[in-house]
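In the two complexes that follow, chain A is the common piece, with chain B as its partner first and chain C second.
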Partner chain A sequence: MPTVRFFAGARAAAGVAEEQVPPGLTLAELAATLASRHGERLGTVLGAAAFLVDGQAWHDRHTPLPAGATIDVLPPFAGG
Partner chain B sequence: MLVMAAVSTAVLDIAGHERAVADPRAGAVVSFAGVVRDHDGGRSVTRLQYEGHPTAEAVLREVAEEIAKQPDVIAVAVSHRIGELDVGDIALAAAVATAHRAAAFAACARLVDELKARLPIWKRQVFADGTEEWVNCP
Partner chain C sequence: MPLPPLVQPAEALSVDEIRRYSRHLIIPDVATAGQKRLKNARVLCVGAGGLGSPAMMYLAAAGVGTLGIVDFDTVDESNLQRQVIHGQSDVGRSKAESAAASIREINPLVQVVIHNTALDRDNVFEIFRGYDLIVDGTDNFATRYLVNDAAVLLGKPYVWGSIYRFDGQASVFWAGEPANGPCYRCLYPEPPPPGMVPSCAEGGVLGVLCASIGSIQVTEAIKLLTGVGEPLVGRLMVYDALEMSYRTITVRKDPQCVLCGPNATQTELLADYEDFCGAVSEEAVSATLGATITATELKEWQDAGKDLFLVDVREPAEYEIVRIPNSVLIPKGEVVSGEALARLPQDRQIVLYCKSGVRSAEALAAVKAAGFRDAVHVQGGVLGWVRLVDPSLPAY
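What follows is the complex of A and B.
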C-alpha cells in the first residue's frame, strides 16, 4: 500500500505525520481521499502543495500512483 | 567553486562563510544573513521553527552549484539552519566571491532568490499571543 508522508503545515492539517492509503489511486483521487479523512483544512493545503513520488516531483493527477510508492506532501516552501 | 553547502541545526556564522570563499582572485565578497525578526505582518513573533525535507541539503547544493558554475563566480558558501531559532538568530548564511562587485551582488541575490523558491524548508512562527502558523501554508 502506498504511504503518504505529510510535512510541516500539511502534517499540522492532517494531524498525522504519515499514513497508508489504498493502492491504485490517482493524485486527484488521493487528494479527495485525504481531504475526506482529515477535513477541508487539509484539502486547502493539498490544493497548494507539491508532491513527490518516491523522491521525484509528480505532477500527473490522472495516472494511478505506483504500488508501494511513498508520496510526500510538500506545502509551499518558506525557507530563508 | 562550491565550497560549503549545509543544512543542519548548527549555529550559523557569516564571517565563517566569508572566510570560506576567500580567494586571491576575489576583489569582492558579498554575504547575506537571513535573520529571525521579531515581527511578521504586523504581529509580534517570539520564536521560529524551521523544518527541512530530507532532500533539503541536496536541493541547497544543487542551487548553489548552479550559481557557482557561473563564469564570473569564484566561490560560493551557503548554509541553512533548521530546528528552533530565536529572534536575531541567522537562518540562512551565504557568501559569494567574484572578481568585481557587481557580479557578487547579483550572484548572491540570485542565490537567495532561488533558494527561497526551491528549497524544501518550512517555517513555523509562534506569536506573542501564543498562536502559531506555518508561513505561506494556506
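What follows is the complex of A and C.
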C-alpha cells in the first residue's frame, strides 16, 4: 500500500505524520480521499502542496500512483 | 555524492588568520587547506533578514573572504525579534549597511560588498556572476523563483532555506555540473495560488527558527566551498520545531522540469516574476477597482456616523495585537469559503480590511461575488490606519 508522509502545514492539518492509503488511487483521488479523512483544512493545504512520489515531482493527476510508493506532501512557504 | 571544492585555496594565511581560525585549522577535514579556500570564497546572501542574519554572521566568523549582501529594505522594529544581525540603534537604517557594520565587527578580515538594491531580472546575472555561491534568504515567492532561475541559468549552486511559524526547510539546489542535482522548480514547479500561502509577516515566525535553518545553510555553504562531507544536493531537510524533528527526504531531478530538465523550455529569465507569482489574483484586482478607500476616508465615514459594518479579515492573533475600532473579526478563510457570508448585513455599508490590503482584496472579491456590490476594502489595511489615523497604535 502507498504511504503518504505529511510535512509542515500538511502535518498539522492531517494530525498525523504519515499514513497508508489504498493502492491504485490517482493523485486527484488521493487528494479527495485525504481531504475527506482529515477535513477541509487539509484539502486547502493540498491545493497548494507539492507531491513527491518516491522523491520525484508527480505531475499527472489521473494516472494511478505506483503500488508501494512513498508520497511526500510538502506545502510551500517562502519566509526568510 | 561528495563534490569537489567550489573554491581554490588562497596562497597563504597570515599570522592573524592562523590565530583567529585555529579551531578550524585543527579539524583534519578543514585544516589549513580548507581555511584557505574559505579565504578565497565569494558568497552572496540574498536578503539580510531572518535567515540572512545568522547566515552572514557565521559565514563572516568562519572567514569567508568576500561576503555580498543584497537587500533594499530598512531595519524595522518588528525585525529585531529574529534578525539578530541588526540592533536597536539600526532601526531605520539600510539593512545592507547595518549588516555590513555587524560583519565588520565580527570579522574585519572579511571584504563586504553591499548591493543596496532589489534583486530583479535586470541586475541578477551581473550580481550573481561575482560570486561562487549564493545563500537564498528572501521572503517571497517571486524573488525565490528569480534566484533559482538565475542560478540554474548560470550553472551556479545556491543554498536555499525557508521558514514559517515552527517549520523550516533547507536544501542545496545545483542543477549544473558536476552536481547535476534538482532545482527549486523540480520541487515546486509552480508558485502557489496567490493569497493561499501566508507570509511570515501575515502568519508569523518563531524568531529562533531563523537560526535553526540559517545555520544549516551556513553548514552547507562551508561544505560546498571546501569540498567536505555529503552536500544537501538532491535532499530536502525538513525541520519541525514543535516535534523537534529533522527529516531528510529525497528530491530527484524532475525529467519534466521546464528549467533544468532534458527538454527544458525556459531558457531565459521570466519577463515578470511578480506577475508569475500573482501577488494578488485577477479577481481581487478587478474587485478593488472603484471599491477601495483609504484609512483616512474610513475615519471620515466613521466620524460622519455612516452606518458601517467594518470587518477585519485577519486571524484572531493579529486582531489581538491591533485593530480598527468598531470592527468585527471574520477571518478571510471564512469569507472566501462562504461560511461567514450569512453574517454580513444586507442594509449596511460593508468595509473590509486586513494587515496591508492583500487579504482584504481577496475577501472583497468573494463578498462582491456574493452580491454585496457596494462593499469596499481599506487600502493599506490596519497598517494604513496606524500610519494615517492613529500612530499611537502598534504596527506589526
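The rule we apply is simple: the second predicted complex is superposed on the first by the 78 of 80 C-alpha atoms of A that agree within 3 Å, B and C clash if a C-alpha of one lies under 4 Å from a C-alpha of the other, contacts with A are read in each partner's own complex, and residues count from 1 in each chain.
Just so it is clear, a residue touches a chain if its C-beta (ideal position, glycine included) is under 8 Å from a C-beta of that chain, and two chains touch if they have at least 3 such contacts.
Treat the numbers as computed from the prediction; the structure is a model and nothing was measured.
Colleague: Quick check on the superposition: with chain A as the shared anchor, is it clash or fit for chain B versus chain C?
Modeller: Chain B and chain C clash in the superposed model.
Colleague: Among the partners chain B and chain C, which is in contact with a greater number of residues of chain A?
Modeller: C
Colleague: Return first, second, both or neither, reflecting whether A:Gln20 touches chain B, chain C, both chains, or no partner chain.
Modeller: After superposing on A, A:Gln20 lies clear of both chain B and chain C.
Colleague: With the two complexes superposed on chain A, say which partner A:Asp72 touches: chain B (first), chain C (second), both, or neither.
Modeller: both
Colleague: Which holds for A:Ala57: it touches chain B only (first), chain C only (second), both, or neither?
Modeller: Second partner only.
Colleague: Any idea which of 25-33, 97-105, 169-177 or 349-357 of chain C is the one running into chain B?
Modeller: The one stretch of chain C in steric conflict with chain B is 169-177.
Colleague: Per the definitions at the top, what is the overlap between the chain A residues touching chain B and those touching chain C?
Modeller: Looking at chain A, the two contact sets intersect at 7-9, 44, 47-48, 52, 55, 72, 74-80.
Colleague: For chain A, which residues count as touching chain B in their complex?
Modeller: Touch residues, chain A against chain B: 7-10, 12-13, 44-45, 47-48, 52, 55, 72, 74-80.
Colleague: Sort out for me which residues of chain B touch chain A in the complex.
Modeller: 34, 50-51, 53, 55-56, 80, 91-92, 112, 115-124, 134-138
Colleague: Can you list the chain C residues touching chain A in their complex?
Modeller: By the definition above, chain C touches chain A via 47, 49-52, 136-141, 144, 161-164, 167, 169, 186-189, 191-193, 196-197, 199-200, 203, 205, 236, 238, 240, 243, 247, 249-252, 254-257, 333, 337.
Colleague: Of all residues in chain A, which touch chain C in the complex?
Modeller: Going through chain A, the ones touching chain C are 5, 7-9, 11, 17, 40, 44, 47-48, 50, 52, 54-57, 59, 72, 74-80.
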